[in-house]
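Down below are the structures I want you to see.
Both of the next two complexes hold subunit A, though its partner changes from subunit B to subunit C.
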Partner chain A sequence: MSAASSAHVGAPAGRDGSAIPVLVITALILAAWYAACLPMNSNLPQLQNAAGDLMARYQIAWALERPVLPAPHQIVVELYNATIGTSLFRQTADGMVPNPRNLSFHAWVTLSATLLGFVIGSVLGIAIAVGIVHSRTLSKSLMPWVIVSQTIPILAIAPIIIVALGSVGLTGLVPKSIISAYLCFFPVTIGMVKGLTSPDTMQLDLMRTYNGSAAQTFWKLRWPAAMPFLFASLKVAITISLVGAIVGELPTGAQAGLGARLLSGSYFGQTIQIWAALFYAAVLAALLVVTITAAERATLRAMGARP
Partner chain B sequence: MSGAIVPGRQGGWQTFFQLFNIACVGTLLAMLLLDRSPAQGWLYWAITGAFWLLAWDINASLSSGRSPFAAAAGWLVPLIFGGTLLVLWEAVCIGAAVPTVLLPAPSLIAAKVAASTPTLWADFVQTVIRAAIPGWMMGCLAGFLLALACDRFDFLRRGLIPIGNFVSALPMIGIAPILVMWFGFDWQSKAAVVVVMTFFPMLVNTLAGLASAGHLERDLMRSYGASWFRALVSLRLPAAMPFIFNALKINATLAMIGAIVAEFFGTPVVGMGFRISTEVGRMALDMVWATIAVAGVAGSAFYGLLVLAERAVTFWHPSMRTG
Partner chain C sequence: MNDMRMDQATQEATPPGGGASPSVIDIRQLSLTFKTNDGPVFALKDVDLKVGAGEFVSFIGPSGCGKTTLLRVIADLETPTGGTIAINGLTPEQARLKRQYGYVFQAPALYPWRTIEKNVMLPLEVFGFSAAERRERAARNLALVNLTGFEQKFPWQLSGGMQQRASIARALSFDPQLLLMDEPFGALDEIVRDKLNEQLLRLWSDTKKTIIFVTHSIPEAVFLSTRIVVMSPRPGRIIDVIDCDLGDKRTLEIRETPEFLKIAHRVREGLRAGHSYDD
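Coming up: the complex of A and B.
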């Protein structure tokens, strides 16, 4: 079944053979990265004044304090220092509080908004899809606007949502989750409309021949048929939910979260901090997608699909 | 019409009554709204509710396929739905005296758009024409070409597909502060963000599309002795078109998002993202909404053009069937 869904994320890596091509390409990318460190940073004063041969200059370029392009190992070291190397809690007058120097704390702030938004958005998306599939009027009225709602750059509305909800006293987690939910309902709706309408006329006729009710047709035919589409959509939804949560932290100068780390890093020119936050977000996104993929495999296997 | 009543087809009279009713209620509501000092009693809300119900009724009979205007239902129904939403938005904003900070009425936003057209136009040129569209073109083209290269050289494909899948799941928008540092505050950095954001969806979707041609058709190509290039042009690229257009559409929205959000990280004093972030800081929410209205219209037009192109190119695909 070729669901023409967006990015088919999380396909198993080892399916067509060995991991060697992946390793080779990754090594090439890393090598290019290390090689690029000198030309990218060559305008910095430390390198302009540096004498010596190429190797000596590279060694300076790979160990700069605030480089234009940090070397990969610098990012890994910063990631290590900011997570495992820093205590998760610290002692203050009020007792133990989360330590804002620890990147995992920021990641948790973002992750909680992501997950809440993902749940709200997915439920909303499925509900809209069910409505669209079952009501002709709703389908004709709503479907074009669901699409239009996405051509509006939703992330641009993020500041408004935060300010508007802030004015009624909602701050912190909820506004960010609403941005995430708004972002991720769309792929779920589109995927589920496709999925719920994917049974063909023969199958629907069979249900009619059996005198199946609308509810039976839904639960025994449409819903199972929509499962592959649902999971393809959920994988897209969870990643853009994370994007929504991160961007939700940008416009208001949030104190905590991966987006706040990106913003403060860009204010103070702390490039390594930006990259570390970016890598952490990447790991988070990968873990989320892997989780959904595992749920997909388990569900499809329970439904009798052959792997 | 010979005067005989066609069974199951509603008469002109019913349509007439529907239009007459909504015209009456609409006029009442419009008078209340223009008055701007609405009686916030039950009558106001009853009229608003009646307007909504009547509009829904018209939509229901239009989309049932039995109305004399059923041919136009495809664009009339969403238009009526959207118009009704606008009217309700206006009615609720005025009737419940919603604070402007929370949600300005559409009439206020429209007035702001009319009053500050030159600013909005300059922002539009900076963000959409200079950053989003060139970035979108470059990103899509690069992703497409690399997908073709991957398809030609299997080693590249097996190495890049997992990486592409991984990267397209990443929050690429986070790269914006870095690219702003590299390429400066002007539109170049925004275009670069858009390139990075649009590249991987295109790569992944094109590869999925190229793999989507059926085995039978591919075997046919092989039995004709077709070369890789010939099979690509005659079979696999056309088969990939739904996927490619999918990526183009996804990327159109991503491009707008990328160009706007990148401006949150530093920009010259023009551009939609700059406008939004500064006006939010000044609590001038009507200007923010005006910018978003422009962004919405631009994004929808962008998307709409792509849908038209898609219909022309992939008319054969099952998803294009109606009914």
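Coming up: the complex of A and C.
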């Protein structure tokens, strides 16, 4: 009990202590970023022709319309304008449709593919792990393929999946989800094989003395024992699922999605738009991980983990 | 000498000339050889032992003498390579399938995500007892090991001794007549161990169960047992079987009496004869 209470006392202090280093590093990165804006953009005509002292040149560098490296505040402004500053729907002849100028619309397109891919990938990953743990044959036949699947560069296989599924009439959400699932099943399989085999000999022997069935051993022992491993894997899986969805939007020149915004931004030299899409994706990934962490905490707490 | 001792013990439990043995455990010429890369390991060789109903039998010996292996053979957790073994006239597998024994491991082996009550209910869930029956049996057996009030705690909230008591309640929950205990108190400190020994002895005399108890502590074996089986390694075998009837109402003080010390001395002699003290 005393260990638990001292951990309680320790936790807030640790959190306070850790906030300051993070803020210091963030400030340093921002300072370096602002400082880099001038040298990075100095080849642009606006700056080559500009006269005046260093400060004046920096002010130009931080306010360029199409900079090589935009200043952080430009990205924040673009993010604001493209989300809160733009209506989510617009009036057309067909009635109200999503407004493609709103970044949140694109984010939702990508997010829906991410979530669907994550669900498919996680279920598949768990199913493969269950098979591998319960069958030597499956362990021998599947495991090499599981590993080989991840040695193929996703950028090479993504167009193949899009084209192949497109030829059977599947476009949009599903092919992107498949690419996401293809990427994210792997950590789930690896984590769950480890988790499902984590019960020690005594815990397994105990079930044997009760003559417990394979199903009982699975649901009463292996599955609960694997929970911490599952959540650790899911946190990795959700972020690479987002990467998969974005990659899935690149090769086809998709009209919507964060990947499409990245692509069109680079076509038209809209660097600020690229950075804004990038930041949106990063925030999205962070929110997804936070959500899973919250689910993890609630689940493990209900399973009697030490607070 | 061994055989004579065992025959005496058997005769107490067996009617003279009786064909069918009422022994709870009947082991004859049992051998178990593990095949390893370094050649065969003779974990058990030609073991003969009979245990009657209501006995408290301890297996004692140094590491590698096969005492735990012998217990695991009885529990059908290991398969012997030779000889016969019967538990209430059944094979170990049949006995296991009929849930005739409760097993207590070296560690509590509680499932950390289950409360103490749910841990005790685990075998009852596996066996398909009703929810009401599960609750009633959990309460009764937790009371038996003095853990009433801790039903909703998780294992980590209990001390090591309490956890092991919970695991004993779990083994007793489905009321097996045979209790197999593999160094259940080995990881506990001496003070806790003394207390649990007293409680176990009381539990044994109250419930009249047959208990097989593996230990490497001489005082523990002498204090608890009605018979002590002294074992020796390489190959794992029985080298002495010692009757040890110090009466039902023994307390820890008995360990200073001459009778107790005499039996402890004989156990030690047996271990020495089996080269257990050699390097």
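By our rule, the second predicted complex is superposed on the first by the 289 of 307 C-alpha atoms of A that agree within 3 Å, B and C clash if a C-alpha of one lies under 4 Å from a C-alpha of the other, contacts with A are read in each partner's own complex, and residues count from 1 in each chain.
Going forward, a residue touches a chain if its C-beta (ideal position, glycine included) is under 8 Å from a C-beta of that chain, and two chains touch if they have at least 3 such contacts.
The shown structure was predicted, so the numbers you read here are calculated from the model rather than taken from an experiment.
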Looking at A:203, would you say it contacts subunit B, subunit C, both, or neither? Reply first, second, both or neither. second
Classify the contacts of A:247 with the two partner chains as first (subunit B alone), second (subunit C alone), both, or neither. first
Should A:212 be classified as contacting the first partner (subunit B), the second (subunit C), both, or neither? second
Can you tell me whether subunit B or subunit C touches more residues on subunit A? B
Applying the touch criterion given at the start, work out whether A:224 contacts subunit B, subunit C, both or neither, answering first, second, both or neither. second
First (subunit B), second (subunit C), both or neither touched by A:303: second
Under the contact definition given at the top, report the residues of subunit A touching subunit B in one complex and subunit C in the other. none
Quick one: which bits of subunit A touch subunit B in the complex? Just the residue numbers, please. 2, 4-11, 13, 16-17, 21-22, 24-26, 29, 40, 68, 136-137, 139-145, 147-148, 150-157, 159-160, 163-164, 167-168, 194, 235, 239, 242-243, 246-247, 250-251, 258, 262-263, 265-266, 269, 271, 274-275, 277-278, 281-282, 285-286, 289
Residues on subunit C engaged by subunit A in the complex (per definition of touch): 75-77, 96-97, 99, 101-103, 105-107, 109, 111-115, 122-123, 125-127, 154-157
Which stretch or stretches of subunit A touch subunit C in the complex? 1, 200, 202-203, 205-212, 216, 220-221, 224-225, 227, 303-306
Residue numbers of subunit B touching subunit A in their complex, please. 56, 59-60, 62-64, 73-74, 77-78, 80-82, 85, 99, 101-103, 155-163, 165-166, 168-171, 173-175, 177-178, 180-182, 200-201, 204-205, 208, 212, 242-243, 246-247, 250, 252-253, 256-257, 260-261, 264-266, 272-273, 276-277, 280, 283, 285, 288-289, 291-292, 295-296, 299-300, 302-303, 319
